[in-house]
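See below for the structure under consideration.
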Amino acid sequence: MKLTLRVWRQKGPQDKGSMVEYPIDDISPDASFLEMLDVLNERLIAEGDEPVAFDHDCREGICGMCSLVINGTPHGPERNTTTCQLHMRKFKDGEVIDVEPWRAAAFPVVKDLVVDRGAFDRIITSGGYISAPTGTAPEAHSTPVPKPDADRAFEAAECIGCGACVAACPNGSAALFLGAKVTHLGLMPQGQPERWDRVVSMLDTHDAEGFGGCTNTGECTVACPKGISLDVIGRLNGDFIKASAGGKKK
Amino acid sequence: MRAVAIAKPAIYRSTVGKKAVMAVSGGVLVLFLIGHMVGNLKIFYGAEDFDHYAHWLRTMGEPAVPYRTLLTLLEVGLVVAVVAHMWSATSLALRARRARPVKYASRKKSHAQGYATHTMRYGGVIIALFIVWHLLDMTFLVVNPAGREATPYERVVQGFAPENWYVTLFYVVAVIMVGLHLAHGTWSAFNSLGLRTPRNNRTLRGVAFALAGVVTLGFLAVPFAVTFGLVS
Amino acid sequence: MSDPFYQSGEPIADAKAPAGPVEQRWTTRKFEAKLVNPANKRKKKIIIIGTGLAGGAAGATLGEAGYQVVQFCFQDSPRRAHSIAAQGGINAAKNYRNDGDSVHRLFYDTVKGGDFRARESNVHRLAEISTQIIDQCVAQGVPFAREYGGLLDNRSFGGTQVSRTFYARGQTGQQLLLGAYQALMRQVDAGNVELHARHEMLDLIVEDGRARGVVVRDLINGEIKHYTADAVVLASGGYGNVYFLSTNAMGSNVTATWRAHKHGAYFANPCYTQIHPTCIPVSGDHQSKLTLMSESLRNDGRVWVPKEGGDTRRPADIPEDERDYYLERIYPSFGNLVPRDIASRAAKNVCDEGRGVGPGGLGVYLDFADAIERLGRKTVEAKYGNLFEMYERITGENPYDTPMRIYPAVHYTMGGLWVDYDLSSNIPGLFVTGEANFSDHGANRLGASALMQGLADGYFVLPNTIGDYIARTELPAVRDDAVQEARTRVTTQIEKFLSIDGDRSVDSFHRELGHIMWEYCGMERTEEGLRKALELIPALRAEFWTRLKVTGSGDELNQQLEKAGRVADFLELGELMVIDALHRSESCGGHFRAESQDEDGEAKRDDENFAYVAAWEWGGEGGQPVLHKEALEFEYVKPTQRSYK
């Protein structure tokens, strides 16, 4: 395949950056999108240019490290698919493809297509856990969990923390990421004792990190490679209101 | 978990809190719209009924309370709701702008929740401008062609007269925006308050669209009726 | 052996495992271990490299215990460690199914599965701890699969006859890792763990023979920093990426353990490599990684190739009697469910015969047509729907209509740094956990045991044993010269990478190395091939150091530079793997020597000569590695030759 790539190049956090055009040829339709970028990089190195920096690790759609807004859509055109699992057969020969980093104040660009998603870790740090010190756990079967709850908790827990929801949201909100964790832990009986403090604390961090507010546009769930449902945001809102206005929080 | 730097409930400060304020104030405004629409439709009963209704609005609660007390209270409530609604919208919009300082070079139009969702902000502005004009027209009578001496019925009829087509056009655009606003907003309000569940989602969508449809048609009925001479 | 390619050293032994009945040893060890006064813990610093199951769990637990933990990962978040990609499940001897499982049976299965090349003491401890792991993870809110009564579901996995595997759909590793990650972040919140993401360990600081710290590179701005501590824990994972194409993450590397090895830490059993039979085959030269599909597919899929080589017909057009269901033919009683290594080798054999399918002839069919006919498409979809989707996404082929193509790929490395019962390497103060050590799986790992080992080490073993070292050791402040020496080594190497200015990219060397390793030190190893590799690797390494090209500079995010360091280490490790494979002329577990097989082509162990752990000592630049043998004794599980016929 022959393609024209327009890739965001930015030397460092302070650099202004711009879109740079690279024609590229001889791409196998069976290559993944990142393998196509590998090919581009090999060529750039051979020509003595700096290769394009981009984040990636597992290349099987689970680690959440790969990103890229491809033609305006986070993780590209295929639904429920991360960039690393997107294959070139989904593009047309001769197509012009724009490749940009996640755009959010809370995700500053480090270099080229690499952004800093530390804000997500800080959100989790502020309460996205159940306090269960090692060794204190009761026998696993002592607390049955209704299957529907366990299943819904699992679906929320599938979030890979990639940040596509933020990249897609017109408000730059991380409500889907936040809601997924609040829902996962809030549905498990083990998560009840800290449920109300958790949601208030995590939302506080979310807001302090400079993410926007959710306005229920639903763009996040469409972009989410794991198809996390918008329901988690409803649950986040409900829990937060109950916690802060309903006096549930200690 | 951090003992949290939030001694006071963050409800008004947080993004979720602002959406809750928007949802509740929006709810108040929806109730008002329904009342307003019902009142408007009285025009089809004739001038006398309509003017009587307009007068009753001012005498509501008499003699327990003086003239125009309840109406004033309602108006105050409405102003509070409108201000709260606009404040939360503005605050979230400004926040959204700060949250994405660099825009995408490639912007694909995606309408995940349908077209209405994307009209909320500019539609809201159009509605706000319309309200200003509408108040000047029908409440403060500054721009109404029929003027201060006319009855409410006459003001409506003259206001939407065919020669004032541009007034009608503005009104129609605004009402359509209100309809779109409600189509997304009603459903969205339930989500913002955490009252939407996978189970009631379809129902809420249906209610939102139905409400949007009824309100749009209800408000459009009057100007069209006047313009096309059904009411004169 | 005609020409010596290694030196023989003194035998070694695990001095930490207590004597006595195997069921008592862990209890005894915990009791004998000296404790650190809680008030003193706050003054003790522990460095942990890696945030996967072994590292994340250790950081969370040691932080909670009150130590000052400083933890590093090269990814942008601790949640991305490659443990996240484990699909299948985690074993635990809960016996919830009442099907005769027990700690002893899990112990027995693991020793046997490891082909009698693991320590009984370690394995028994692992089996004991397995049940606590499940309790711990459930308490953390890990959403394991449950039954309608609300209790945990189990499945049987990897050919075991009991149902002891706990799972969370096909994402067990993800859910367990997120549990550990959240527990770790809780300690970050509490101020007990200082976390540095996007930092890569590049050297170990050793003073007076003790591990005292690390030198790391901040991958964002290239800054070289050092951290000193009372003990260092390496939880940096396995080295499967030496093969270039593997199921490991792109960033998975051997650097932390290899650089410790060059300081004197023994590297044990490097040649034990697990090859997974059900991966999606290579589609072309662009390929950067191989994707695993759950082994459960073999429960219903039938593996076959055309009887004749060079058959290019569409699979559906090949009539039944021209197909060779070779696993069912060769292994009638286990059929398609033979263990991983047997299935892998059989696939390689038919491809070597020229009967492979797909691009390059490196693939065999895994056919669901019979299953769809027998169970109905709906049932097959319910069982394997997500795997089929994944396959279609990657290959563009629909497995409901056309058979899947699969091929083996490197999946897990059983070898790693040598550790004693306390998980301490032979460098005092250097502890190694999870896949980075060699301890529990012997020559082959059972399905659903990697997660178990990582979490056992991190949550329960290390936190109990590291205290003994800390309590018994009074350490002075680290001298500056030891620090400067390590820093200089790191900066010198980085400058070297940047100054070669050759004409070949890092990736091209990595790819070539991978090719050599896969060809000569892959599924089937021969003396001839290994000797050839022993010539090719040093030559490639020499070329690497003269023709490498790394663009950019050292003081910025430079992914080429990061990779150069990792590949430099793989180029040395690869040679050691080959040496280990060459010296071990028996076949066992994940190491198959063509010279050592019975008449049926089954792996033939040589317990007389090889019932030992091969712990290799670095022989210096250009020197030969030194072999230290740790003899293995089997008191409880008597070695038998396995047979899957």
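As written, the chains take the letters A, B and C, and residue 1 is the first residue of each chain.
By our rule, contacts are C-beta pairs under 8 Å (C-beta built on N, C-alpha and C of every residue); 3 or more make two chains touch, one makes a residue touch a chain.
Keep in mind the model is a prediction, meaning the values are calculated, not measured.
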Per-chain C-alpha mean nearest global C-alpha mean belongs to chain A
Ranking chain pairs by contacts puts first A-C
Cα centroid separation, subunit B vs subunit C, in Å, comes to 62
Separation of the C-alpha centres, subunit A versus subunit C, in whole Å, is 27
Here the gap between subunit A and subunit B, centre to centre from mean Cα coordinates and rounded to Å, is 36
Among subunit A residues, those touching two or more other chains are 126-127, 131
Residues in subunit B with touches to at least two other chains are numbered 1-2
Among all residues of subunit C, those touching at least two other chains are 189
Contacts from subunit B onto subunit A in the complex sit at residues 1-2, 4-6, 9-11, 13-20, 92, 95-96, 98-108, 110, 112-113, 117-118, 120, 184, 187-188, 190-198, 201
Contacts from subunit C onto subunit A in the complex sit at residues 57, 60-61, 64, 75-80, 82, 84-85, 94, 96, 132, 134-136, 138-141, 143-152, 168-169, 171, 174-175, 178, 181-183, 185-186, 188-189, 195, 197, 220, 247, 249-251, 283-284, 286-289, 291-292, 390, 393-396, 459-460, 463, 503, 505, 507-508, 549, 551-552, 556-557, 559-560
Within their complex, subunit A touches subunit B through residues 6, 8, 19, 69, 71-73, 98, 100, 103-106, 126-127, 131, 168, 170-173, 175, 194, 197-198, 200-201, 203-204, 206-207, 210-219, 221-222, 229-231, 233-242, 244-245, 249
Per the touch rule above, subunit A residues touching subunit C in the complex are 11-12, 27-32, 34-36, 38-39, 42, 44-46, 48-51, 53, 55-65, 78, 81, 85, 87, 89, 110-111, 114, 116-118, 120-121, 124-141, 143-147, 150-151, 153-154, 157-158, 160-161, 184-185, 188, 190-191
